[in-house]
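Let me give you the structure first, and then I'll get to my questions.
Chain lettering (A, B, C and D) follows the sequence in which the chains are written, and residue indices restart at 1 in each chain.
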């Protein structure tokens, strides 16, 4: 058990910076409300260092709080589809040759009305991203990037047509949880067709965490800072794992 | 405008001539065509409004009816049948709209006397022209009444709640905080709808539907806050996507002040058919020109998908093309809010100087244009503190180069659509920076042969080379081959091609004629 | 009862920005620890949008949380020595002439080792601050500004010598709560001498709140953005209140 | 160094002559005097160290003993008695120190043979000189081994926990984040102590005691991180207050690299007696000069109490005086980190240009000096976002004008002493900004007669008028009349006057002589 608290300039001083808006006018009462709110979040001390009106009915606060809350660091389980232990491009290709013995087919798309292709392109396009080549460059991968605004039905049909091993879905817009609906729908459609287990199902996007993806019925989720090698490593290992089980 | 970069005037003129040459064949194509949305826009100007119980808008019903009756009817222009129905039925525009919404088919009526139709149409044209002129005058009156009260550059803030009534609250607060321009961001994918939804809306993703009612609601709210603030608040929306001209028409009728409107954005970034887009953009721009609406072009988009340092020339090339297509549609320089953006990788050594060069170059090449300058977005991250610093540098460059329309960067750009406090912090930062270095543009010169001058000259050279290449093959082919934004768009691919209409020899559109006459631009008469 | 919650872009969405440091290495585990900590403060959702190493053993986090906690705004009592209802310079002088009938003597100092005179000068010096004249300019006030680094004993002696009506103390440095000690000591010394009630006792400084000052035994505390007129108004009203009681 | 402001070289030279003229009579006064702390510093150089059980340091014990025995003894210089005791007792320096700490009184011993004393002293002088030279060489070797690895300007961060062991953690993290210079802020009011505490300390307010042991601990920690980073990390403390020369001596012995050290700060901002201060500062500077320690002067302080726009000339005037007093003490320009600060009200229109003018002016007038540039502090508020923006602008000006030592601004300046994350954000911001506009200084010129040039000329003119006024009445009187920093300091007022010592005709200080000889400066021989 290792107790960890926020750190300002002394161990366990518990210092945290906060800022937020309240739907009340700026002034002494607003500042006091802000302070009390922060205290209600389990902070022991709070100083509202700044307040400013945003309009007649809204006001902005900057505050510093001191908390005694802590967390047992040893009990924290990181759950990100991590770079740790992922193979590089050559590793992945060797792995495929050795354990699968044929080209792995991967289909990707940015689904629903999402038009943010830069993320999925970063994973799939030849040129890749940040000095990590994309899947199209992998000799042992056959990659199809369907681009943006692809309906889930169309994606499934295409995957079936090319006998895909894995489906990659990108969701960037998250407002009003539109991504949750899009992601869940794909799983439902696959399940309705009895095809869910046919694919390694991968979700990705800057606000997508592994946990979230798994909850939604995906095999894995990749957030900010993921590269093709992470994705490919996961996919091929998962395929082999499934073969074995 | 000061000339600080000492760009060769001949080279700039040559680049403009290249753009003119490139746009010329496109103009010829455009003049021979109309589209479903051009027709619907015409109907909207004539007064067609409302929707049927399924939400299909009256202008769509009319066009669909006419096409269903006989596809070739559309070659005459849809207005003929709509006005004919008005004349024949003797009802008012509102009455006719209601009937159409209830199921009445205008094409079911035989064509009546041409002269009567033309008289009635002339009346409708006058009425629309008057309303739009009235809007324009009201805007001008208020802007001169409150002259000097707006910030320079204009501070532009977006609202994007998805709900027009929430948008109003956010917009009002933003205006009170100091915004000059409010843009209501559209819901994801509205640009792919081939109709404009009807009525007030409260459900959108990443933005709010552009509807005429929503325009009206926001306009009224902003007028109110403007009266309190004694500062004209400009309203912005998107005349973009599959309904460019219709939205332009709605904006003209509801006194919008700016419109996102680009001659090629739909093609490249929304995969809309290129012929359709070129036709649509012209009519939309004619309406904007007549309404005195500033268009904001979308060059910033090139830099979200391509590298801003490497592909800086695509911005200038697009600005020159947008300018040329704008001129063709009667837009004067002062309504041409050509776009660009502060999108270089923040780790580039001297990135600030390159941004300065690019912005100053735009300023000098387009001296009368109210350039629209976009903030960093692509390299914004979850680190709001770094983001704030980048926005500070961006605000600096904007003021240092006398940009006209300044989109405020949000420190939370990579995280969520703006919170109310994010907007406030953006305004506060811009006001601080711009006041603090206000005289910089006048006070500072660039060293001959230095980084800034050299960079500007290089980008101009690259632009010229690029335009020469495009000119060599023609714009349609260039787009097809992926010369722009690194995407290839087949000529007959993309959305909306089926909505293109070849004008017949008797194509009739008195609104178009009126606009051409008043704007003093060359005729779109007849087919080719 | 009026329920108030933080506001991002929709009423009651409860959005709050936070940043803090943890004494753990940067990485997936650190991010998860940061997220859990935020959740432990009564946040329903938390997204860690950014993390960065500060050294091998420390890491920095930026997070956005969503809270359902609220506060009853109607029950909030603002407790700042407010500008509301304070008189201006002429008002104060008229009030003194009418209700006290002699010059009011005010002694001020920055005590302990605190050398931050700008604050007390802002209140006392002739020229004042932000277009509010200082006490030295008030015709009906006799003001003595002892400056910086004044020991509490010396201040008390001086106050006794000039028969002061009010003592103003400035404390700016708050590290390790040095200001609390300085402020408390003055009250103790006065009480030991049986002189506490002789003076209107005023504390001030950017981190001094009215509540804190009152807790420490002062009559009032003035924080950021206070001016001579606020202070003078309070002092003269308090004097009259005491006369009456 | 580029000349961009086109300041008149004659006017600048004239201003320097005025400063020289003002400092001249002060130098004469200084040369006739020593002080308790000058004597103690001499003892420290000779090796006096340790403290008695009450915490009174050995150097203080020795001086107090000698004065108590006969006040006039001090006129001979205290070293005589200390070395006499060494010679007489035959003990090592360490042994003698221990005895003194245990209660032994050096003045109890009669004076022995002069030649033996002088021989012993020469040995001690050699030993100290060697150690200091060794430190200097080590620094130079490392800086050239790792040349090009430091940032330009040097990024300077403070630590201020009050506890030297916590300071070490903070400093190490700061160095890892990219700091080049670590300053350990002193505890509140140490400048008013007439002794230097002994040993490692863990209790300070707003800073940590400057003690020789603390210096050693921090030096070792920074050397370690420097080896890892392959970047020399400079260590800074304060040779300021009532013990200026002693701290300089400690710094020289422990290889500090920079010292806050101002010729008038103590007088104006700490109410230390002016005669005492002038005497102390000279000896402290001679030590710094010999040790190759850069001094950082305190002009920024003028701007925390006075308005930075109105009183900008006081900064330049003080820089010129600090320079002159520095030259008198043998400091070459490259060790003169003259100070100034970005302290203008952020609401001033064109404040950025005025700051640019001031910083550039300092750069051009002091071309070889490693100017120390201080961040905004006074106008920082609880609004950390505005604060970050101000720091961004400050970072910009610093790089744009090639400052040498850049104190990083903290976004929480108005709230608390820096948190570890505050420092990181500061470094990150500075690195981003400075890399992004790195070539700006070379690329940009100022318009003739523009805001920047005009402002610089005006400030120079005001400075000259001010120095003329000061010269007219003499520096002592000028200070007494409140011409500097708007505070009046009576000549015989302030702290520490009682510690001033008039040198007797037989005053003997072989350390001083050695420093004078090696630094090639004019003699302090004999009384006046």
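General remarks:
FYI, a residue touches a chain if its C-beta (ideal position, glycine included) is under 8 Å from a C-beta of that chain, and two chains touch if they have at least 3 such contacts.
Quick caveat, the model's predicted, so the values are computed rather than measured.
Interface comparison, A-D versus A-B: the higher number of contacting C-beta pairs is recorded for A-B. Ranked by separation of Cα centres from chain A, the top chain is D.
Look at where the CA atoms of chain A average out and do the same for chain D: the two points lie 52 Å apart. Inter-chain spacing, taken between the CA centroids of chain C and chain D, is 34 Å.
Between chain A and chain C, the centres computed from C-alpha atoms are 44 Å apart. With touch defined as above, residues shared between interfaces to two or more other chains in chain D number as follows: 381-382, 385, 414, 416-417, 419-420, 428.
Residues of chain C in contact with at least two other chains: 7-8, 15, 17, 19-21, 47, 52, 58.
In the complex of the two chains, the chain B residues touching chain C come out as 161, 166, 170, 381-385, 412, 414-420.
The touching residues of chain A, when paired with chain C in their complex, are 4-8, 11, 15-24, 27-29, 31-33, 36-37, 40-43, 47, 58, 67, 69-71, 73, 76-80, 82, 207.
Considering their complex, residues 19-21, 52, 54-56, 58, 60, 113-115, 117-118, 149, 173-176, 178, 206, 224 of chain C touch chain D. The residues of chain C lying in touch with chain B in their complex are 7-10, 15, 17, 19, 47-50, 52, 62, 64. Every residue of chain D that touches chain B in the complex is listed here, in rising order: 346-353, 385-386, 388-390, 392-393, 396, 411, 425, 428-429, 432-433, 435-440, 442-447, 450-452.
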